[in-house]
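Going in written order, the chains are labelled A, B, C, D and E, and every chain counts its residues from 1.
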Amino acid sequence: MAEKKTFEMEYSKVDTERMRLNVGPQHPSTHGVLRLEVELDGEIVTEVVPHMGYLHRCFEKHCEAMTYPQCIPYIDRLDYISSMNNEWPYVMGVEKLMGIEVPERVEYIRVIMAELNRIANHQIAVATFGLDAGAFTPFLYYFRDREEILAILEKASGGRLLYNYFWVGGLAADVHPTFKQECLDVIKHIRATNAEVTNLLIYNKIFIDRTANVGILPADVAINFGCSGPVLRGSGFPLDLRRAEPYSIYDRFDFNVVVGKGEVGTLGDCWDRNIVRMGEMEESCKIIEQAIAQMPDTGDVQEKLPKKIRIPKSEILSRAESPKGDLGFYIVGNGTDKPERLRCRATSFINLSVLPEISKGYMIADLILILGSIDIVLGEVDR
Amino acid sequence: MANYIKNMWDGVYTVLVGMKITWKHMFMKKVTVQYPDEMYPIPKNARNRLQLYADQCNGCNSCARICPVNCISIETLRVTPNDPENPKVLEDPENDHWLPRKLWVTKYDIDMAKCCYCSLCTTVCPSAAIQHTTDFEYSSYFKEDLLYHFTAMTPETVVSKKQMLEEHQAKEKAAKAAAAAKAAEEQAKAAATASAN
Amino acid sequence: MQTEKIFDTLTKKFGNDVTPILEAAPSEPFILVKADKIYDVCLFLRDNSELDFDYMMCLTGVHQKPDLGVVYHLYSIKHKHKIVLKTFVSIDAPNVPTVERIWRSADWHEREAWDMYGINFEGHHNLIRILCPYDWEGFPLRKDYVTPEEYHGMRVPY
Amino acid sequence: MGLLNKLDDPFEGGGVLLGTVEDVLNWGRSKSDWYLHFGLACCAIEFMAMNASHFDFMRFGTIPRTSPRQADFIMITGTVTLKMAERIKILWEQMAEPKYCMSIGSCSNSGGPYWEHGYHVLKGVDRIIPVDVYVPGCPPRPEAMQEGMVKLQKMISEQAIFNKRKRMAEIDKQNEIK
Amino acid sequence: METNIFIQLLGNNWIAYTAIAVLPLGFLLLYALVAILAELKVSAWMQDRLGPMRTGPWGILQPLAEVVKLLQKEDITPDLANKVLYNLAPYMMFTGAYAAVAVIPFSQQFVPSNINLGLFYIFAVSAIATIGVVMGGWASNNKYSLLGAMRSVAQIISYEIPAAMAILATAVLASSLNLNEINTVQDGGIFNWFIFGGPGPWFKVFVLPFTFGLCLIYMIASLAETNRTPFDIPEGESELVAGYHTEYGGMKFAMFFLGEYVNMFIVSAIMATIFFGGWQSPFGSSIMSGPVWGLFWFLAKVGTVVFFQIWLRWTLPRLRVDQLMDLGWKYLLPMSFICFFAIALWKMLI
């Protein structure tokens, strides 16, 4: 912090012409199609104006025309990196409104799938964050491991990226017989790669210099902006829905809520947000191990449902902890088989809103890193 | 000063650590699967191109109704009871069990350019007629090639079947009309007799 | 704090401007607020130390014919309780005071509600479209919205 | 007409030399494809997976370029919205000839899942720029994209550089016979 | 004695001079092809994949295909660009890089131009490439290009100083600025190379840390001068799209690309010449030495340094602009002064 201030003061004496630069909508590191209008004073960012909507796919309009099971493919396509986690709050909400309890085996499979997908998501997040910093090799190491996770998910659901696997009242299909062993194998590989990347990238001096003390987000600002997930936890605030309001069967597992500690810089900087994701991968591995040990071997994976899913006139905001943070679906039923209104409380959308606040006064290269550390998915931002 | 030297040491040391890792990877076994020559293993339930087994389809239209994308379009025609071909539906492919067909599927088109590969249609299909295959190699130079026509009926047979149905319907109608007329006559007769009485 | 207790506190403070509606489960109970009072209610909810709603989960527009509505989902991290506020305005004059100054997260949510439903948040510092292009016409999520035929020379329907 | 024919076929009858030169030129263009990756949505993630070690897109001689001036073909991966469409057109116009376009995934082929109620989705990128290869899938498997690449390379390697009009006439004739 | 084999063979006439000029050009083009392939392949192997595989056996014809392709690309000049400068810039860059080859001693029998101010010449001429970068960045009328060019110039200028200090220290050791002479001094096996303090008595171990340090400093500075990771800020993909050559395509871009690879060759050649004994055999002047072996050793050393650069590139993240300046001015420059001072002192004492 001290460094930054002196830097600004020195430069503020020189009055130079401001330059407006357009970053995006198609830019190698805007993680999709975000457009940032940046005002630059030399290399220093003085103002950031995000322009969104380049991937506005009319999700909410579509859902009003779809029946409840038909909505799920569209929900997959919101946060397309962690589809399993997207489906979960939605089906949970519909199940609550219909008053269905799902079998225990389903809950376990859901937990394992969601955690596997969380790992896959964090791998992409850390990998692309490294890519933003200019390190290409860790990116490919992570994608190599992610491929193994996707193989498991594909064997179970049939899809590599968009699964349509969590259905109202259960699952689309039962898992394959070798599922448990494959999960345990892949966890080993994930841990090995994490250790490798920690040495190769995370504790690299250049990487620390680039990310520590950059994009500092204090916890109170984060809360006022409604941030959640690793962005909030990176600021040292341990809010995790899996722990704060345990849904499904998360109260049965022993895991830590990883928070940033300001190990190499100020609390709440880019490095902290990144290390939270690294830590969460390890915690997810732990949860998967416990879930596999406890999971019943046989059982139904689909609750009996009426032929047409109808929801009475009622509404709910159903939330779950997705890898990006607190993801919610506001479902309004009107007695028919189609929702009256389906609103997604998009985590990335809310986390992104903090970007103009925390990127002022840093350099343009830092802006890219701050954006990378927030880990947005434009499908969810624009819906 | 101590910080200055530590910075230098950290810089050099962590770079060397990183270089060691990449050096190790240079001689590791490569994971690449060389696609056109080798194949990455695909599970059997992978969701790729849709395939209709026309023998098994009974034209119930439930796939078109469930499809969130509406990429399936079906047209059906009632089978006339006295059809000389005596068409049948394969109900159970494993045991080769056939049932009499009630509907001709005259048109079964899937637009693969729109399909979202969600597998909802394969789950609702009562006779497992529509299924995802593991075939993904069907990119094309023209978009029209992605519109798949699955029904095995030629346009001529469709026309003839339509004619047959129309004739049958006309016959039925005539029979109905005759029956109705007869009934009316009888009624009139009965009324006449009643009034006469 | 229990939801009923929060509702009691609110009715004591605001009287007839708020109407608690305690519906049976599964639907969450909510409280109807008159549109012009929403800012005061929200400020009270945030600043009262017993309520302490410091986290705005969600702000969404709805179109329940014939009226437009705004739904606020609030959460208190400290006390771990939540509340749902609702307000309805007529579609001809959809004016609601902004709560942007209470929770910064409301800024983009309100812009989205304006973009999708045309709800005018009075006092918002930058109420412009956020998802649709800046020169888009109409409010897409209203139930009576008709998809345009053309946009900048590109045909819109399939 | 005589003069035009002369232009088309400067060495009467084409000959072995021209054929070889054409083959070499086509070989160069088909084996070295620098692409501008236009990552838009879900397919872009599968595209990243295709670039990764298991599938290794670089085997085909493709190198990612971030500037349209240096790219040979553009890969549209994802939903093209109306807001984005104009930018794609600008990028396409900035690319240097010879240029190609690959449309990957249902969304860019025809609007995909969003074709029906998507008031803000362009129903197929071929409404604004010419597409050479359509890769179906939502999202396509990485190998499916590579198959599209093989198709594109095949198309490039059989392109006519010399005697264009003559060959097109021949193709027309063949089509008529069919 | 005349050191150039062509003048010895063909006499002092125009044929010899043409051969001397053309041969390095051909060699450099060939080198660029190999370097591009090496870059693609080594990066792929470090990332557990294979790299180009489908152009010729194991993809070895890949760079050739790229050349054929680039020759066919449309030649675009953007409308708003300054046309003269825009078109001139890539050639300027290549010329600057190519001119520096003139004094590189490929072998004891082949130095294109054996001038006595070789080291100074290289420093003077390689700055021309910088002008090409600025011209290109400014003339393309693109904000990214301009930012990239500005960064590039700032970077190259500030790293020229530690690099020059490192090189001058060896000039002090060799008491000459002639590159061929510097090579000749390092005669007598691997321990007489300047990285090990040059020829001298056993107590030269005291100077070893300083020569090692100089080698490291020059290595880092040369990375910065050639815009390689971790100093590839001018073309940092994640922020500046493609940096100063964003608006260039086709053959003009190829010239930039070639210029960069030739630059890489130059700095590696200097490094091999002044720190690793150039064409000297590592086993002393009696084993495996001679004009042809000399060329082999020189190329092997250059290749190793180039490989090292590629290796670093695919390992490290990228620095930020101010950190780059920090590193240059606050770390490399003082360190190079210290090393230079120590070596000068040692030279005086001995």
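The rule is short, and it goes like this: contacts are C-beta pairs under 8 Å (C-beta built on N, C-alpha and C of every residue); 3 or more make two chains touch, one makes a residue touch a chain.
Bear in mind that the values here come from a model prediction, so they are computed numbers and not experimental data.
Participant: Identify the chain whose mean C-alpha position lies nearest to the mean of all protein C-alpha atoms shown.
Facilitator: Chain A is the most central one.
Participant: Roughly how far is subunit B from subunit C, going centre to centre by Cα mean, in whole Å?
Facilitator: Taking the mean C-alpha position of each chain, the two centres sit 42 Å apart.
Participant: Could you work out how far the Cα centre of subunit C sits from that of subunit E, in whole Å?
Facilitator: Each chain's C-alpha centroid was found; their separation is 63 Å.
Participant: So the centre of each chain is just the mean of its C-alpha atoms; given that, what is the distance between subunit A and subunit B in Å?
Facilitator: 34
Participant: Suppose each chain is reduced to the average of its Cα coordinates; what separation in Å results between subunit A and subunit C?
Facilitator: Between these chains, centre-to-centre, one finds 25 Å.
Participant: Could you list the positions in subunit B whose residues touch two or more of the other chains?
Facilitator: In subunit B, 7, 15, 18, 21-22, 25, 30-32, 34, 68, 116-117 touch at least two other chains.
Participant: At least two other chains touched by the same residue of subunit A: list those residues.
Facilitator: Each of 28, 53, 56, 58, 61, 73-74, 137, 140-141, 144, 160, 162, 200-201, 204, 206 in subunit A touches at least two other chains.
Participant: Give me the residue numbers in subunit E that touch at least two other chains, ranges are fine.
Facilitator: Residues 46-50, 53, 237, 241, 314-316 of subunit E touch two or more partner chains.
Participant: Strictly by the criterion at the top, what is the full list of touching chain pairs?
Facilitator: Pairwise, the chains that meet the contact rule are A-B, A-C, A-D, A-E, B-D, B-E, C-D, D-E.
Participant: Which of the residues in subunit A come into contact with subunit B in the complex?
Facilitator: 66, 69-74, 76, 137, 141, 144, 151, 154-155, 157-160, 162, 164, 172-173, 176, 196, 199-201, 203-206
Participant: Which residues of subunit A touch subunit C in their complex?
Facilitator: 52-53, 56, 58, 60-61, 64, 96-97, 99, 223-226, 239, 244-245, 314-317, 319, 326, 328, 330, 332, 340-341, 343, 345, 349-350, 353, 357, 382-383
Participant: State the interface residues of subunit D toward subunit A in the complex, per the touch definition above.
Facilitator: That would be residues 38-42, 44-46, 48-49, 51-54, 66, 78-79, 81, 83-84, 87, 91, 113-114, 116-121, 138-139, 141 of subunit D.
Participant: Which residues, counting only subunit D, touch subunit E once they are in their complex?
Facilitator: Against subunit E, the touching part of subunit D is residues 24-25, 27-29, 31-33, 52-53, 56, 58-61, 63, 65-67, 69-70, 72, 95-98.
Participant: For the complex, give me every residue of subunit B touching subunit A.
Facilitator: 7, 10-11, 13-15, 17-18, 21-22, 25, 31, 41, 43, 45-47, 66, 68, 116-120, 123, 132
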